[in-house]
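Next, two complexes with subunit A in common: one pairs it with subunit B, the other with subunit C.
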Partner chain A sequence: MPNPMVFALVLVAAVVLFIWSAVRRFSLLRVGRPEDRFNDIPARIRDTLVYAFGQKRVVRKAFGFNHLLLFWSFLILLIANGEFILKGLNPAISFMSLPAVVHNPIYLIFDLVSLIVLLCVIIAAIRRIVKPPFPGALTADAYVILGMVAALMIAYFNLHGLELASGEMIALMPISSAVGGLFYSGITPVAAHPLITIWWWVHAIVLLGFLNYLPYSKHMHILSSIPNIYFKRFDHANTLPRETFVSDARFGVESVADLTWKDLLDSFSCTECGRCQMVCPANLTDKPLNPRQVIHDIKINLLENGPAMRKGAEPKLALIGGGGEGSITEDQVWSCTSCGACMEVCPVFIEQMPKILQIRRNLVEAKADFPEELLNLFENMEQRSNPWGIAPSDRTKWCSLLDVKPFDEDCEYLFYVGCAGAFDSRNKQIALAMAMILDAAGISWGILGKEEMCCGDSARRLGNEYLFDQMAQANVELWEQKGVKKIITMCPHCFSTLKNDYRQYGFNGEVISHSEFIAELLTAGTLKLAEKVDLGKITFHDSCYLGRHNDIYEQPRSVISAATGRDPVEMKRNHSDSFCCGAGGGRMWMEEQLGTRINLERVREALDEDPDTVCVACPYCMTMFEDGLKDEHREMVNVRDIAEVVAMALPRQ
Partner chain B sequence: MATIFCEKRRPQMASVRPHVMPMPCKDEEATGQIIRESIGMTEADIPTKVLEVIFDAGQTDDQEIGDAEFIVSGGRGLLDKQNFKLIRELADELGGVVGSSRSAVDAGWIDVEHQVGQTGKTVRPKIYIACGISGAIQHLVGMQDADLVIAINRDPEAPIFEVADIGIVGDLFEIVPAITESIRRAKAANGHQACVLKPVQG
Partner chain C sequence: MLVVACVKQVPDTTQVSIDPVTNTLVREGIPNIMNPFDTHALEEALRLKDAYGVRVVVVSMGPPNAEVTLRKALSLGADEAILLSDRAFGGADTLATSRVLAEAIKKLAEEDELALVICGKQTIDGDTAQVGPGIAVNVDLVPLTLVDKIIDLDLDNKSITVSRKLERRHEIVQAQLPALITVVREINRPRYPTVPMRLKAQETPVEIWNNESMGLDVNQIGLKGSPTAVRKIFSPEREPGEIIGDGTNDPVGTAQLLVDKLVSKELLHL
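Right after this comes the complex of A and B.
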C-alpha cells in the first residue's frame, strides 16, 4: 500500500489541477450572452432523471445500450473509487470494516461492474474499427479514453487479485479471484506487497490522470452533459428569439460572444457520437454541412478566442470564414433545411439548428451576404408579400369559381391559404380541396383574399429577421383589426410560424393545421365521407414542420386511413425519424448546387415501398415530391395532399 | 408590366416599359396637357458612376437572355441533352436565344446562364416559346411578362397553358422541327426579308 502522505500530496495536486482546468473551461461560458434557463426546477430535475440518468435518448440506438451500461457502471464505481481514495489516505477506511453481510455484496457488485466496464470499452474499441458510427470516428482521443478506462479496470483486477491470492483480503470477488488465481496463485504476502503497491499506484495515477484529461477532451461531456440536459429547452426549438432593431445593435451570431452561455455549454457537451450527422439531410447528400462539425467548431473557436475575449479582446479566429477547425463556412450555413432532425436525435439535447440560423441572420443583416437567388425572394416578400412577386390581387384566383366568403366578424375560422395555396397551380388544388371540406363540414369560415399576406417563414429561417419582423407585425395587426381568433392553415410552414413564432408578436389566437382540423372533424363526425377513395398503396411523408417541430404525426395518418379505408405504409424513416424533402429553411428558394439532391433521396426511399400514391401534408413537400418523381421517371406515382384525398371521399353534390 | 396598386388612393398612376404596346397613329385631335417637369439634375449629380460595362464571361457568343426579343426554351420534356439542338435550331431561325427551365439545368443539359425563372433570369421577350416545360410557378414568374407566350406540351393540364397565348398540346419532337422548317421555307420564299412571326397584340 502507498504512503498516505505521498498520496495525499499527489491527490491534492491532481484535484487542484483538475479544478483549475475545469473552472478555466467552464468560465469560458461567460463569454456568451445571458439566457434564462433557470425556470421550472422540478421539471428540469424530472427531465434530467429521464434523459441523463435514464439515458432515454441514448438507448434509442441499439449501441446506446453499451453507453447505458458504462454510465451506470461509472456511477457505481464512483463509490468504489471513493473508497479507494479514502483508503489511500487512511488505510483504516474501508468497506471491510462493515459487517460481511454488507461488504460482501458491495465488493461482489464492484467486481462484476468492473468486468462490465472492461467488456464495454473493448466492444466500443472494436466497434470503432469494425463498424465506426461515422467515417472519422476513429480518433486518438477516443482511444486514449477507452485505453484509460480499460487500464483502470485491469489495475483494479490485478490489485484485488493480488490481495485475494496473498490472503490480504477475503471477499467474494470472482473476477479478481480468477485474475489472482491465474497470475498470482500461491503468492506470499511478502512477495505480493511490492506488486500490490505498484498496481495500486497504477490505478491511482490512471484515475487521477483520467480526471485531468477530461476537461481537455471531448469526454468533457462526462462533466457537462448532465447540466446540459438539466438546462435543455422544454419546447421544440422551432422559433428563434426576436431581435431589436436599434442602431449599434449586433445581429445574429458573428462570434462566440453572440451565442448564449447555453449554446457554448452545448459545444462542451458534444461527445461526437455523430448521430446528428447521420440524420442530417445536408450531410447525407454530400453537402458541406455537418451539424457535429458545427458544434465542434464552435467549441474550438471558443477555446481559441475565449480567454482573450474575456479580457475584452476581439476574436482572432473568425467563427464564420475559411472552414478550418474552429470556423464555419457560409456554404455550411446555407445548406441547412432547418428540418430539426439533428436536435431530435441528440442524446444530450444540443440545439444545432438555431445556431446555424443565427449565423444566417448575421450574414444577411450585418453583411448583406447571401446566395444571389435570395435577393429576388427577399424583394418579392418585401414588396408583394409573396415569394414569387405575383400581384397580391391574384390571391383570390384559386377560388374565382367558388363562393368563398371574405373573413368578417361572423366567421369562426380564418382559412389562411398561404402563398403556395394561393398562387402555385398544383397547390391551389389543395386550397380548393380545403374549401370543399370546410363547406361540407358546415364550418363558418372566410379568407382574407388579397389582403392576406405571406407569413414570412422563409424570411425568418433565411436570417432576414428585419423583413420577418415587419411581416409578422403587419399580419398580427391585420388579424387584430379583423377580429381573427382561430386560424386554419394548409401549409405546415405557415402553421408553425403562426402558431409558434407569432406568439412573440402578441398573437394568441388558436392556430390549427389542416391535418389536425380534418382529423378532428372526422373523429367528431362533423365531416361525413361518402365512399372510400381507392388510391392504391399509399405511403405518407412526414413534413418536418408538422412532425418534428410540432409533434403532429398521427392526425394526417388517421385522415388517410379514414378516407381510404387502409393505413398508409411507412417508409423506412418515418415519424420523428422522417427525412426532409429538402425545401425547408428557405431552401425552397435556393439552388441546390452542392452534393446530390435531397428530394431524390427521399423520393427513392418512398419508391422502395412501391407506392401508387405518396401522401403529403405540405405544399413544399408536394413540389419536391412531384419534381423528384419526374426526375426518377415515375410520374405514374401520384402525389396527393391529405386534403385532396378527403375531398375525393366527400359525398357528391 | 408592373402592377401598381393604388386602390384607395388618388392620384392613380401608370407606367409602361418600352415596346409593350404598339405604336398608334398620331391623333392630331387629342387633347390633354403634358406637364414637363425639369428636375434640374445632371448625371454629374448622381453619386453612382458607371465606369465600365463588363459582360459576364461565357456569354460572348450567346446573346444575354435577359435582353432577347425571341426566346425558345426547353424543359424536362426534351428528355435528353442532345435534343436541345431542336431548340437551338428554332432559336437560330428566329434570331433568338435558347432558354431553359431549372430542371433542364439541373439535369446538366444546359448552362445555368440560360435558366429562366425564380432562381434564374426574369425575361420579357416579345415571344417566348416554351417547349416541354410544364410551367411550375418558379418558371412562370420568370417569363409570364413576355408579350406572347407559345407553349408546346404533351400534358393538356400543364400549368404553362394558363399563361400561354397560344397553346399546342402535342409532341414537341414533331411540332418544333415543323415550326423550324416552316419558318425556314417562309424565309426562303421571302428572300430572307422578314420573319413570319410578328408579335401579335391582344
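Right after this comes the complex of A and C.
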C-alpha cells in the first residue's frame, strides 16, 4: 500500500491541477453573451433525468447501449474510486469495516461492473475500427481515453487479484479472484506486497491522469454534457431571437463573443459522436457543411481567442471565413437547409442550426455578403412582398374563377394562402383544393387577397433579420387591424413562422396548419368525403417545418388514410428522422452548386418504395419532388399535396 | 473630386397599367422604386468611391416622397443626397428635367471639382434615354452613353476610357473629364445595404433644393418649359410568331430547326 503522506501530496496536486484546468476552460463561457436558461426548473430536472441519466437519445442508436452501460458503470465506480482514494489516505477507511452482509454485495458489484466497463471499452475500440461512427472517427483522443479506462480496470483486477490471492482480503469478487488465481496463485503476503503497491499506484496515477486529461479532450463532455442537457431549449422550433436595430448594435454572430454562454457550452459538450453529420442533408450530399465540425470550430476558436478576449482583446482567429481549424467557411454557412435533423439526434441537445443562421445574420446584415442570387430575392421580398417578385396585384389570380370572400370581421378563419399558393402555378392548385375543402366543410373563412403580405420566412432563415423584422411588424399590424384571430396555412414555412416567430411580435392568434385542420375536420365529421380516392401506393414525405420543428407527424398521414382508404408506406427515413427536400432555410431560392442534389437523394429514397404517388404537405417539398422526379425521368409518379388528395374525395356538386 | 449620380424614383412598372383615357401611367397604390438603371449608375459611382475615394453625391428631381429613394442611395454608401423638389418643377418633360438637374450639378461643381456624372441609360417609366445627354449638353460635359464598362479613369490627367455597348458591337472611347456617362445593366451588380448603413442613412438629412434656391427661369422648367406633349401611349402590337417543326413527333428535328433559326439570326454562335 502507498505511503498516505506521499499519496496525499500527489492527490492534492492532481486535484488542484484539475480544478485549475476546469475553471480555466469553463470561465471561457463568460466570453459569450448572457442568455436566460434558468426558467422552469422542474422541467429541466425532469429532462436531465430522462436524457442525461436515462440517456434516452443515446440509446436511440443500438450502439448507444454500450454508452448507457459505461455511463452507469462509471457512476457506480465513482463510489469504488471514492473508497480507493480515502483508503489511500487512511487505510482504516474501507467498506471492509462494514459487516460482511453489506460489504460482500458491494465488492461483488464493483467487481462485476469493472468487468462490464472493460468489455464495453474493448467493444468500443473494436467498433471504431470495424464500423466507425463516422468517417475519420479513428482519432488518437478516442483511443487515449479508451486505453486509460481499460488500464484502470486492469489495475483494479490486478490489485484485488493480488490481495485475494495473498489472503490480504477476503471478499466475493469472482473476476479479481480469477485474475489472482491465474497470475498470482499461492503468492505470499510478503511477495505480494510490493506488487500490490505497484498496481495501486498504477491505478491511482491512471485515475488522476484521466481526471486531468478530461478538460483538454473531447471527453470534457463528462463534465459539460449534463449541464448542457439541463440548460437545453424547450422551444422546439428554435426560434431565433429578435434583434434591435440601433446604430451601435452588433448583428448576428461574427466572433465567439457574439454567441451566448450556452452556445459556448454546446461546443464543450460535443463528444464527436458524429450523429449530426450522419443525418445532415448538406453533409450527406457532399457539401462542405458538417454540423459536428461547426461546433468543433467554435470550440477551437474559443480556446484560441477566448483568454485574450476576456481581457478585452480583439479575436486573432476569425470565426467566419478564416479557413482551417477554428474557422467556419461561408460555403458551410450557406449550405444549411435549417431542417433541424442535427439537433433532433444530438444526445446532449447541442443547437447547431441556430448558430449557423446567426452567422448568416452577420454576413447579410453587417457585411451584405451573400450568394449573388439572393440579391433579387431580398429585393423581391422588400419591394413586392413575395420571393418571386411578381406584382402583388396578382395575388388573387389563383382564385379568379372562384367566389372567395375577402376576410372581414364576420370570418372565423383567415386562410393565409402564402406566396407559393398565390404565385407558383403548381402550388396554386393546392390553394384551390384548400378553398374547396373549406367550403365543403362549411367553414367561415376569407382571404386578405391583394393585401396579404409575405411572412418573411426565407428572409429570417437567410439571416436578413432587418427585412424580416419589417415584414413581421407589417403583417401583425394588418391582422390586428383586420381582427384576425385564427389563421389556417397551407405552407409549413408560413405556419411555423406565424406560429412561433410571430409570437415575438405580439401575435397571439391561433395558427393552424392545413394538416392539422383537415385532420380535425375529418375526425369531427365536419368534412364528409364521398369516395375513397385511388392514388395507388402512396408514400408520405415529412416536411421539416411541420415535423421536426412543430411535431406534426400523424395528422397528414391520417388525412391520407381517410381519403384513400390505405395507409401511406414509410420511406426508410420518416417522422423525426425524415430527410429534408433541400428547400428549407432559404435554399429554395439558391443554386445548389456544391456536392450532389439533396432533392434527388430524397426522391431516390421515395422511389425505393416504388410508390405511385408521393404525398407532401408543403409547397417547397412539392417543387423539389416534382423537379427531382423529372430529373430521374420518373414523371409517372405523381406528387400530391394532402389537400389535393382530400379535394379529390369530396362529393361532386 | 466629385462624382454625381442621378437617380429617379419610378413606379414599379411590372405593376402599372396605362390609363386608356388620359394616356398616362396608373400610379395609384403602386410602390415606388429607384429606377433600376439608376441603381447601376449609383453602384458605379460607389465603386469609384471605393477605388479612388471620390465624393459621391446623389441628385434626384421629384416630389417630396422621393426622399425614400434618396435615403436608399445613402444607405448604399452615397455621401450626400439632394432632392430637387418644387411645384414649379412639376410636369416637366426630359428637356425641362435636364435643365433642373444640370443647374444642380453646376452648383455642386462650384464647390468641388466635378469629375463625372453618372446616369442610368433610361428610366423604366419614360424610356426616353434623353435626360442623361440633356444634362451633358446643359452642363457642357462630354456625353458617353450606353457604357458597360469603365476601362480606365485617370483623375490626374483628367481622362476616362469606356466601353459603349452598341448593337452587335462595342465601342471603346476615350474622353476628357469632366464627362457624363449613362450606364447599362451589364456594367455592374448593385450592392445591398448593410444594416448599419441603413440605420445611418435614416439619420442623414436629405437636402431639399427648391427653385427659390436654384433660381431657374420659370419658363424654362416644369410644364411651361416642356415642349413635349404626349398624344398617346400604347403597347405595340406584336406580329404573331411562327410555329416551326413538330415537337411532339420529332423533338430532335425540331430542336435542330430551332438551333438553325437562332444561328441564322445570329443569336447563337456555334
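Operating definition for what follows: the second predicted complex is superposed on the first by the 652 of 653 C-alpha atoms of A that agree within 3 Å, B and C clash if a C-alpha of one lies under 4 Å from a C-alpha of the other, contacts with A are read in each partner's own complex, and residues count from 1 in each chain.
Here, a contact is a pair of C-beta atoms (placed from the backbone, for glycine too) under 8 Å apart; a residue touches a chain by one contact, two chains touch by 3 or more.
All values derive from a computational prediction rather than experimental measurement.
Enquirer: Classify the contacts of A:Lys367 with the two partner chains as first (subunit B alone), second (subunit C alone), both, or neither.
Expert: Second partner only.
Enquirer: Per the contact definition in the header, classify A:Pro392: touching subunit B only (first), subunit C only (second), both, or neither.
Expert: A:Pro392 contacts both subunit B and subunit C.
Enquirer: I'd like to know which partner A:Lys630 touches here: subunit B for first, subunit C for second, both or neither.
Expert: First partner only.
Enquirer: With the two complexes superposed on chain A, say which partner A:Gln383 touches: subunit B (first), subunit C (second), both, or neither.
Expert: second
Enquirer: Report for A:Val130: first if it touches subunit B alone, second if subunit C alone, otherwise both or neither.
Expert: A:Val130: touches no partner chain.
Enquirer: Quick one: is A:Phe251 in contact with subunit B, with subunit C, with both, or with neither? Answer first, second, both or neither.
Expert: In the superposed model, A:Phe251 contacts subunit C only, not subunit B.
Enquirer: Report for A:Tyr466: first if it touches subunit B alone, second if subunit C alone, otherwise both or neither.
Expert: second
Enquirer: Show me the subunit A residues, by the header's touch rule, that subunit B contacts in one structure and subunit C contacts in the other.
Expert: 389-393
Enquirer: Would you pull the subunit B residues touching subunit A in the complex into a rising list?
Expert: Those residues of subunit B that touch subunit A are 3, 5, 76, 102-103, 106-107, 112, 118-119, 122, 135-138, 140-141, 159, 162.
Enquirer: Of all residues in subunit C, which touch subunit A in the complex?
Expert: Touch list, subunit C to subunit A: 12, 14-15, 31, 33, 189-196, 198-200, 203.
Enquirer: Which residues of subunit A touch subunit C once you look at their complex with the stated criterion?
Expert: For subunit A paired with subunit C, touching residues are 245-247, 251, 364-368, 370, 372, 375, 378, 383-384, 389-393, 466.
Enquirer: So in the complex, the part of subunit A that touches subunit B is made up of which residues?
Expert: 373, 376-377, 387-393, 423-426, 589-592, 597, 623, 627, 630-631
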